[in-house]
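Next come two complexes, and both contain chain A; in the first it sits with chain B, in the second with chain C.
Moving on to the complex of A and B:
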């Protein structure tokens, strides 16, 4: 593998790109992405696979769609050391993920949360969980249930007790 | 290598389109439009992707269950909540959220950025033991059933209420959990003098009440006596 990569590098004259190993990731819906190993190892899960030499064939990324995986790869690209020189620029770019304005943003963040959790990407997980915490801010319990499409699973007695005890939390 | 970049670009264009479709301009598309090529296979792939995205958009969020979210992820979310009132609203949503919103996961309770609630005086003829608190962050008042505080004068420190009734029984009360700690009676203090206006006296008297962790004692600072701190053993 390494000799082939070196040969390829010498023929193309591109030493930086050519010497980097590529990993093949396959999303749940069958979309295939080839990603530089140095980038993909931002995921602790994938890093573990690489360290254990389990990343030689296609890596299936279960429960993550191609659309979400593309977003994750975009995240990795931006967070690669040296990709963005300016810290401020990176924060500005990240700011698109850290607010949830509507339900489509909410669904994107959910997908990213699941992917970040499965692939164990601390930076992305931190960003998405902060976004959800920010979205919760100022919402009453009923508003939260409506926004996140959550049905209360408390039984009638518990629900009544909760409403009575924390009446203010349910008021808009 | 070329094939890889092309594939990546298609995927990223897909995201750009979605954002536009949702009328959000967050995703910068200026680089993408430059790089668009009239490549036939790329177009075909794009069409397939668009169809899939449209299908995803039309079908209501399959597989997205915020109530089934992983417990560890929920805990991470809860740990990032700054305001105690949001923490309480979270805990009332459903059982998984309630189990994540434990006191241990609320790290920010005593942070300085926590906006205090202002406790309002009780309304006349209030039989439900409701007390109103004005939330500065929400700009409205919230009511809490606080039976323990009715007919008591209340003072506060670090989220606790120090309550004193007409019989001069003192206790510490957490208004959210309603957990309360009975403190020794006022007349057990050494320099206790009976007075015609005892309530007024004690309101002037105790300036600050605090826990002394290592000795399981409570310290009471008295107004006007700068060096006087009385320690009362809890057990």
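Moving on to the complex of A and C:
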């Protein structure tokens, strides 16, 4: 998964009149990013702050590392309204989230997922959660527990009864 | 420095604890809070969700939750479901009788069926095969419909008549109840005080609508009388002139449980929804839905009729005049996926196999089986013809 940080504010041709406002975001580990307000407001949380006039100084994005925040900003840039004219290209770029078999991909998606939840970015959250759903499709209950590190709190009898009741769902 | 909103503590484990009092935190090892699992699981097909119920108690409760069922239904992509008529043994008051059930209504992953001989009605989840038999009514039902009501409960409405043809009254039933309740409100019938041309009775689980298209000289307008099921009050709304270019080309359909009017102009569906009949409230502006699939299927454009908007999906049918076939198709306005099937036309006979497009749902109800205690009808979900 690409992690290229393109928190670029000046190079893209500003078509709007006057200067585009920049927001300063600071990650948990102290990395600072300058992002166009029009892009960062894809986050409902940040939009709320801008609307309430609370985004004038540096915005701390705790719980999100610089590495993850860079990925989030890449997502914003790709999904800025009017930024990508070619929908096919966007789909191709998004498809990198489809396979999360290897562990580092999985960690990236988990980090992005938590960031999307924290910053409230619905499109990114949908993309990450459906990627995880795709990865657990067809897994057995034990495999799912292992995948998410969940311990069953059903006792043996309860689980047997549940399985028996829904036997059709356990046949392949 | 300002903190990024206090509500962000929603990612904390405290919330998890609060929501699921009896789930030990140790059972969810990963840092994902309930709401993230809610999002992830809502993308899964019903079969895997039923499996997921056995993973841990938190997941079990989450998947049974009404708001989860609704979220899942929004994301559920339509599938083509094939049904085959089959004779089954039904226990009617201690006597076993052979019976064949026929489909009368399909909604939200559920199927309402009626027994040919016994006139017994039942509700079936076609994916999980759970069945609920409705209690008998001593009235002469001629329309029976079912849906989620405003509070998200499954409800049934029966319109009954006497030996002649006129509507006599209405009865309602909540899923799980053992008795029908009569609705006491006036029946608008044979009102000759004005000159209507077309009259329709449409009932949802919240409201009974009487729709009149009136021609008064050169003026044409549409009057809607809504009878609120909770209060029995009648409200009148007139569809203002000028909303649509031609009132004769306006389709009437159900839109999230309300009545809606729409026409299709240049690959766009324009809709006015009567959102709150009590306050004469219509949707603020016309809702416009671009029907992108019409660009790829231009031959559909001619006879396309919107029939329902529900859980983010638009349902259409289209009659092929030459081939005695009815096309049914569903457009998911969120994922923009398009599903279609050809149904046999009215002339094709009632027996044999039938297919429908329906959205699988994980909604569950207690069985009250009076038939065979096994899976009753073979249902197969077939390949889905999807463009885009």
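Basically, the second predicted complex is superposed on the first by the 129 of 172 C-alpha atoms of A that agree within 3 Å, B and C clash if a C-alpha of one lies under 4 Å from a C-alpha of the other, contacts with A are read in each partner's own complex, and residues count from 1 in each chain.
What we mean here is this: contacts are C-beta pairs under 8 Å (C-beta built on N, C-alpha and C of every residue); 3 or more make two chains touch, one makes a residue touch a chain.
Everything quoted here is computed from the prediction, not taken from an experiment.
Looking at the shared chain after the overlay, A:58 reaches chain C, while chain B stays out of its contact range. After overlaying the two complexes on the shared chain, residue contacts for A:148 are found with chain B and with chain C alike. In the superposition on chain A, contact is made by A:170 with both chain B and chain C. In the superposition on chain A, contact is made by A:105 with chain B only, not with chain C. In the superposition on chain A, A:49 makes contact with chain C only, while chain B stays out of contact range.
With both structures placed on the common chain, the touch criterion links A:71 to chain B but leaves chain C unconnected.
The residues of chain A shared by its contacts with chain B and with chain C are 113-114, 117, 125-126, 129-130, 132-133, 136-138, 140-141, 144-145, 148-154, 162, 166, 168-170. Across the complex, chain A is touched by residues 1-5, 8, 11, 23-24, 26-33, 35-36, 39-45, 47-48, 50-57, 59-60, 128-129, 375 of chain C. Against chain B, the residues of chain A that register as touching in their complex are 17, 22, 29, 31-34, 66-67, 70-71, 73-74, 96, 101-102, 104-105, 107, 110-111, 113-114, 117, 125-126, 129-130, 132-133, 136-141, 144-145, 148-154, 162, 164-171.
Listed in rising order, the residues of chain B touching chain A in the complex are 1, 4, 7-8, 11-12, 14-15, 18, 22, 24, 26-27, 52-53, 56, 61, 64, 66-67, 69-70, 72-73, 76-83, 85-86, 88-90, 92-95, 97, 133, 137-138, 142-145.
Interface residues of chain A, counted against chain C in their complex, comprise 45, 48-49, 54, 57-63, 113-114, 117-118, 125-126, 129-130, 132-134, 136-138, 140-141, 144-145, 148-154, 159, 162-163, 166, 168-170.
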